[in-house]
Amino acid sequence: MNPVNYLYLAALLFTIGAAGVLIRRNAIVIFMCIELMLNACNLAFVTFSRMHGNLDGQIIAFFTMVVAAAEVVIGLAIIVTIFRSRHSASVDDAGLLKL
Amino acid sequence: MSFPLLTATAAVPALGAVATAAVPAARRTAAKWLALAFSLATLLLAAVQLVRFDPEAKGPFQLTESHAWIADFGVRYELGVDGIAVVLIALTALLVPFIVLAGWHDADPLETKSTRWRPTQGFFALILMVEAMVVIAFEATDVFLFYIFFEAMLIPMYFLIGGFGDRAGERPEAETATQRSYAAVKFLLYNLVGGLIMLAAVIGLYAVTAHQLGTGTFSLTEIVQARANGELEFATTTERALFLGFFFAFAVKAPLWPLHTWLPNAMGEATAPVAVLITAVVDKVGTFAMLRFCLQLFPEASKWATPVILVLSLISILYGALLAVGQRDIKRLIAYASISHFGFIVLGIFAMTTQGQGGATLYMVNHGISTAALMLVAGFLISRRRSRLIADYGGVQKVAPVLAGTFLVGGLATLSLPGLAPFVSEFLVLVGTFSRYPAVGVIATVGIVLAALYVLVLYQRTMTGPVKEAVRGMPDLRVRELVVVAPLIALLLFLGIYPKPLTQMIDPAVEHTMSQVEKGDPQPDVRVNDVEAAK
Amino acid sequence: MSLAAAASTTSTGEAVQFWILAVVAVAGALGAVLMKKAVHSALSLAGTMIVLAVFYLANGAYFLGIVQIVVYTGAIMMLFLFVVMLVGVTAADSLKETIRGQRWLAGLCALGFGVLLMAGIANASLRDFNGLGQANSGGNVQGLAALIFTKYVFAFEITGALLITAAVGAMVLTHRERTERAATQRERSTARVRGAHLPPLPAPGVYARHNAVDVPGLLPDGTTSELSVNATLRARGQVRDVSGDALADLAALEQRSEKWLERREDRSHSQGGAQ
Amino acid sequence: MENLIGLLVLVPLLGAGVLLCGGRRLDSSAPWIGTLLAALSFVIGAVLFAGMLGRDGEDRELGTTVFSWVPVGDFRADVGFQLDQLSMTFVLLITGVGSLIHLYSIGYMAHDERRRRFFGYLNLFLAAMLLLVVADNYLLLYVGWEGVGLASYLLIGFWQHKPSAATAAKKAFLVNRVGDVGLSIAIMLMFTTFGTFAFGPVLEGADRAGEGKLTAIGLVLLLAACGKSAQVPLQSWLGDAMEGPTPVSALIHAATMVTAGVYLITRSGAIFDGAPDAQTAVVTVGAVTLLFGAIVGCAKDDIKKALAGSTMSQIGYMILAAGLGPIGYAFAIMHLVTHGFFKAGLFLGAGSVMHGMNDEVDMRRYGGLRSYMPVTFVTFGLGYLAIIGFPGLSGFFSKDKIIEAAFAKGGTEGWILGGTALLGAAITAYYMTRVMILTFFGEKRWQPDAAGEPPHPHESPRTMTVPMIVLAFGSVFAGGLFSLNDAFLNWLEPVTGHAEGHSPVTAVQVTAATMVVLFVGVALAWAQYGRAPVPVTAPRGNVLVRAARRDLLQDDVNHIVLVRGGEHLTRSLVYLDHTVVDGVVNGTAASVGGLSGRMRRLQNGFARSYAVSMFGGAAVLVAATLLMRAV
C-alpha cells in the first residue's frame, strides 16, 4: 500500500468535517466538526513529514494541536455564554447583526 | 530656483482654510475677517502673476514649477500658466473676496449656543479650500495632478451645498433640508461619474505614453512635445476614446445639455455666494480644461467630435434660455441662464477660430463677473423677503431703487448689452462661430433674444409694477452689500469698454491652442484689410 | 515493520491496519456529523481521534500519537462532553434543514471540494517516501524537542502565551459577577411571610398574540399592575403597556368597518362621515 | 477738431453718470444739469458744423480712432468716430431737438419726484444716439443702437408702477432685440465677407463682393431697421411705447431714435445699391408701413397713439425713399429732419394739451381747446399744416420730393409706389385733420377725471411753450430753407451720391395730384367730424375701423403665435426637463437601488450560509490552482 492513502483519508475526513460544519445547526457539533477538520490536517502533516523524512511536519501538527486546544477552550466558553443568555446553542439563532 | 509663485497662490487660501477652521467657536467674526484677509492675499498673489506674466514670451507655459512626485508612475508636481489660465486664476481670486463678503451672515448659527457648533468657520474654510483647489487646477500642467484637484473640489463643494442653504421661508425648514441634501448628492454623483470616466481616460493616456515612449508620463508639455516630433502617435480609435473620457467629465462640469440638471438644483438650494462659487468659479474649470486638455492632447479627436459638440452647445443655449423663461424661482432662473451661457462658451471653444476661442475665454471671465453681480444681488433680495419665488416680489424698484438698479445692470450684463463686458465676448463667440459655421452662428444668435426675454421678464415681475405688501418697507442695499456689488459693476463697465488688457493676455495662448489643432481662421472672400491698411 | 525503510510501499501489516482503521475513522467522522444527539457525535468523534492517534504512531510520530490520545481524546473531547452536559444531554436537535437550499449547496460544495482535493493529491507526484529513518534515529521526542527549542522556539513561546490568554479568556467569558449576597433560606422564608404580598404576585398579562412576560396584567379597573412584571424588567424600564395600543387597534378596527359600511352609502354622506 | 467728436458723446454720457449715480442731493438741480449738458453738446455740434462748413465739399469728412477696442486675431474693432455731412445732420437734429425737449421736460416733469432719473435717462439716450450716428464702424454703431434701445426701454417704463408701462417697455426692448439680431448677423456677414466692418473698407469693397452676399447683408440690415424704426412686421411696439412720458415720445419715438433705421440704410447705401432685390424689399416694407401706419392713425382716439401711427407712416415714407437708392437718400434724410421738427412739435403740443386736461388722452373728450391754450393751438396747427404737406411748409417740400422719386423709380413699380405714396398723403391729411378738429374745434366734450375733478384747461408754462414755438418755426421754414436751390441735396451729395431719375410725371403734376388728394382728405375729415357732433364714446364702427383700432390685429397675431406658443413651449420644456432628462438619471439611480436591495437578500444573517459561500470559494480556489498547474 502506498502511504499516499493517508492523504486521501485526510482529504476525506476534512471534507466530511467541512460538510458537517455546513449542515449542522448545533454550535457544539459544528465545533466538533472543526476539530475533525483540524485532525485531518494533522494527519496530512504527519504523513508529509514521513514523506520528506524530517520532523517539521510533526512540529506543525503539534502546534496545530496546541492552538486547537486554546481555540476549543475559548470557543466552548463562548458557546456556554451564548447558551446562558439565549437558551439555545443553535448558530441560526445568533443573528443579532442582521438588519 | 525662484520664488514658487504658483504654489504660493494655491497655498495661501489652503492655509487660510486651515486657519479659519481653527478659529474657536465663539470668535465667529474673527474667522470671517481672517477668511477675507486670506482671500485678499490670494488676490494680491494673482495680481502679481498677472504682472509677472509676459504675453509676448515664447513657449506655452510660464512661471513653471516642476518636481518629481510619484516617480514610479511618472506623476510630476508640474505647474505652469498660459494666458488663459492666468486670467481665470485672476477671476477666481477676484471673486472669492466678494463671495466671502456677500456670505458674511449666511452661515451664522441660528440659535444654538453650543461651543462646539461652528458652522461659520466651516463655511468660510470650505470656500477658501475650494478656491485653493480651483487655482491649482488652473495651474496644473500634469494631467494627473489636475485630475486629483478636479475631483477633490467636489468634497468641499458638496458640504457647501448640502450644509448651508439660504433660509428661504417659503417652504418648511425640513423640506428645504431634504431638497438641499438631494441637490448636494445630485451634484456629487453627476461630477463623480464624470470624474471616474475621466480617471479611466487618464490611466489610458498613461498606458499609451508608457507603451510608446517607454516611460509613461502625465505631463501635458511632454506629451504635446512628443506628439509634435512624432514620437507619440495615437491610434484614431484610442484618441477618440480618451478624448470622450476627458470631454465627458468636462461636459458634466461645464455643464452641457443633457448633463445639466444638477446645476439648477445645486444653485437653487445653495446660498447665493455658494451658487456664484459653483457657476462662476468651479464650472469654469470644466470649460477651461476643454481648451487646455481636450484640444491640446487630442486635436484630431476634437475635430472629429466637433459637429456633435456644436449641436449640443446649440441645444444648451436655446434650451437653457427657454427653461429660464419658464422658471418660477429666481435662482433656478439664473442657473438656467448660466447653462445657456456655458453653451456659448463651449460653442466658442469648438468653433476652432481665434475669435471663437478668444471670445470663449473672455466669456468665462465676463460670465463669472456678470453672474456674480446678478446672483449676489438676487441673494440680497432673497435674504430680505426670505423667498426665492418670483411671484412673491413686485414693485421692489419703488422701495429699494439702488437694489433694483444694480439688479437691472446685472441683468443687462446677462443679456450681454453692448457697453457691458459680456457683449464683447458673446459677440466674439458668435462671429467666431459664424465665420466657420454660418448656420450655427445664426441659430445661436436667437439666444440673444431669449436672453432679453428672461432677464426682462424677471426684472418686470420682481422690480416693477405696484408694490406688494410683503415687499413694503424692504431696506435698500446696505454698505457691505454695496461694497460687494459696486466693484463688480464697475468692472463690467470697464471690461465692456476696454477689454484689450485681457485679450492681449489671451490671444497668444489661443494662437498656441489653434496651432495645436492645426486649424487656421477662414479667410474673407473680399480682402479689404489691405485697403484699410492703405488708408 | 521497519519504518526506517525508504520505500514507496508499506508493510502489509500496516496496509491491513490502515484499511481497517480508515473505515472506522470515516465511520466515526460520519457519525459525528450525522448523529442527532451531541453526545453521540462527541463519542464517535472521540473514536475517530483514537484511530488517528494510531495512524500517527504508524507514521512514526510517536510523541504526537500519545499527545493525540492524551490531549484530544483525553482533554478536549471530555471538555466537549462537559459542555454537552451543560447544554443538556437529552437535547436532540432535529436534522431538518431550515435554510432553503443550504443542504444541497453544502453537499455540492463538499463533493466538489473533496473531489478536487483528491484529484490534486492524485496528480501530485508523491510516489516515493524516504521514511523517518535518520530523523527519528535519536528518538522521536528528542528530535522534536531539539527542533522546538531551536528552530521553532519563538513559535513555541507564542503558543505558550496563546494558551495562557485562552485560559484567562475562558475564565472571563464564563465568570458571572454576583450582584448581591445570596439570601439565606431563613431570610427567604421571612420575606415570604412578613412581606407585602402574602398571596402570590399577580401574573403578567398573557395575550394570544405573544406570551409576553413584560406585559403587565390588567387589574379589574382596567389599570395595569406593575407588580405583575418581573422586578428586573421593571428596573430596566422594559415594561410594555399594551392596553394603549389595544385600544388603538380597536379604534382602527371600528374606523375600518365604518368606512366599509359607508362605501355602500352615497358619496356625499360618506365624505361627511369619514372624518 | 476730431477730439470734439468724442466730447460730443462724452458730455451727455457724463451727465447720465452724474445724475444716475449722484444721490438725492441732486434731485432739485437735476433738470437744469441735464438740460445744460444737452445744450452744451448742441453747442459742440454747432462748432463742429461751423468747422465743417469752413471746409469745402470733399474733405468735410472728419475721422478719428480713439483706441483699439476688441483686437482678437483678424477681428479688429476700434472705438473710432467719423463725422461726415450725414452724421452732422443727425448730430444737429439730435442735440437740437434733444435740448429743446430737455427744456420742455423741466416743466412737464416738474411734479415727478424721480426727475433726476428721468433726466439721467434722457442724457443717456442722447449719448447713445450720438454714438450711433458718429461711429465709424458697424460694431460701435451697434453699441449705440442697443444703447438707444436701453434708454427707450428705461424711459417707456419710466412710470414703472403702471404695469402697462412696464409691459410696453419690455415689449419695445424685445421687438428691438429681434431687429438687433439682424444687425449682429449683418456684422458677422461683413466680417466673413470683408474681414472688417468699418464703414470705409466695407462700403468701398461692397462692389467687389458677390450680389448674393450683398443681398443677404441688405436683408438683415433691413430687419434691423424694421425693428428700430417700427416698420412692418416689427412695428407693434411703437403704439404701446406711448405709455412713456410725452417728451420721450416726442424725442425718441418721433424725432430721433425711430429714424435710426433710415440712417442705417442710407449709411449702407453702397451695399443696397449692389443688391436690387434687397432694395425692392426695402421699398415694399416702406410702402406697406406707410399705409399701415396711416390707417391705424385714423382709428385711434388716443391722441398720442394717433400721432404714433402717423410717425410710423412718415418713417414709412423715409424708408421708401431710402429704398429707392441714390435718387431717394437725400430726400429721405430731408424728410427725416423736417419730420423731426413737426412731429416733435406735434407731440409736445399733445403733451401740453394733456398737461392742461389733467392727463386725459382720449381726443373724444377734448374739443374747443383753441381758445384756452392759444400757443399750443397755433404751434400744433403749424405742425399740422406741415405734416399734411400744406404748400410752403416743410412737409410739403420733403414729402413731394419723395413722391416724385417714387414715381421716378419707373415702370409699374414706380406707379405702384407713387400711387401708394399719394394715397398715404391723402390718409395723412384725413387723420391729422381729424386730430386737429377733435382737439381744438367743436364743442367741449370734457369729462371729469378719475378723481371726479373737472378739467380746467390752461396754457402750459414758458419752459414748455418755448420749445414748441421753436419747433413750430422749424416745421414752417426748414423745408423751404433746405430746398433753396437744392441746398440740402448738395450738402449730402458727397455721402449719398445723387442720381436723376427720369420721372414719367412732371414735378408739377405730382404737386397738383398731392394738392388734390390733400384737399380730399381734409374735406372728408371735416365732413365726418367738423359738421356732425362727435360722440364721447367711440361708435362701434365697421370691420376695418375695429381692426385698425387694434393695430390691424397685428398684436393679436403676435400674442397668439409668439406669446401663447412661447408659453406652451417653455412650459412643456420645463416639464420635459423635469421628467425626461432628470427622469433618466433618477431612474438609473432607482434601478441601482432596487438591484442592491435584491442583492441584500443574500445577506440573510445565517452564519452557515456564509460558511457555504466561503467553502464554495475555497473549492473554486483549489480548482483554480489545479488548473494553473495543469496549464
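Letters A, B, C and D mark the chains in the order given here, with residues in each chain numbered from 1 onward.
Following the convention adopted for this analysis, contacts are C-beta pairs under 8 Å (C-beta built on N, C-alpha and C of every residue); 3 or more make two chains touch, one makes a residue touch a chain.
Chain-to-protein mapping (UniProt): A = NADH-quinone oxidoreductase subunit K; B = NADH-quinone oxidoreductase subunit M; C = NADH-quinone oxidoreductase subunit J; D = NADH-quinone oxidoreductase subunit L.
Every value quoted in this text rests on a predicted model; they were computed, and no experiment measured them.
Interface comparison, A-D versus C-D: the higher number of contacting C-beta pairs is recorded for C-D.
Averaged C-alpha coordinates give centres for subunit B and subunit C that are 63 Å from one another. If you average the CA atoms of subunit C and of subunit D, the two centres end up 94 Å from each other. Those residues of subunit D in touch with two or more other chains are numbered 604, 606, 608, 612, 615. With touch defined as above, residues shared between interfaces to two or more other chains in subunit A number as follows: 18, 22, 25, 92. Under the contact definition stated at the top, not a single residue of subunit B touches 2 or more other chains. Those chain pairs judged to touch are A-C, A-D, B-D, C-D. Of all the residues in subunit D, the ones that touch subunit C in their complex are 604, 606, 608-609, 612, 615-616, 618-619, 622-623, 625-626. Looking at the complex, you find that subunit D touches subunit B at residues 20, 67-75, 79, 139, 142-143, 145-147, 150, 153, 157, 160-161, 163, 166-167, 169-170, 173-174, 177-178, 180-181, 184-185, 187-189, 191-196, 198, 200-202, 204-205, 208-210, 213, 566, 569-571, 573-574, 577, 581-582, 585, 589. Here subunit B touches subunit D in the complex through residues 186, 189-190, 258, 260-261, 319, 322-323, 325-327, 353-355, 358-359, 395, 397-398, 405, 412, 417-419, 423-424, 427-428, 430-431, 434-435, 438, 441-442, 445-446, 448-449, 452-453, 456-457, 460, 463-467, 497-500, 503-504, 506-507, 510-511, 521-529, 531-532, 535, going by the rule given at the top.
By the touch criterion stated above, subunit A contacts subunit C in their complex at residues 1-9, 11-20, 22-26, 28-29, 31-33, 35-36, 39, 42-43, 46-47, 49-56, 58-59, 61-63, 65-74, 76-81, 83, 89-90, 92. In the complex of the two chains, the subunit D residues touching subunit A come out as 603-608, 611-612, 615.
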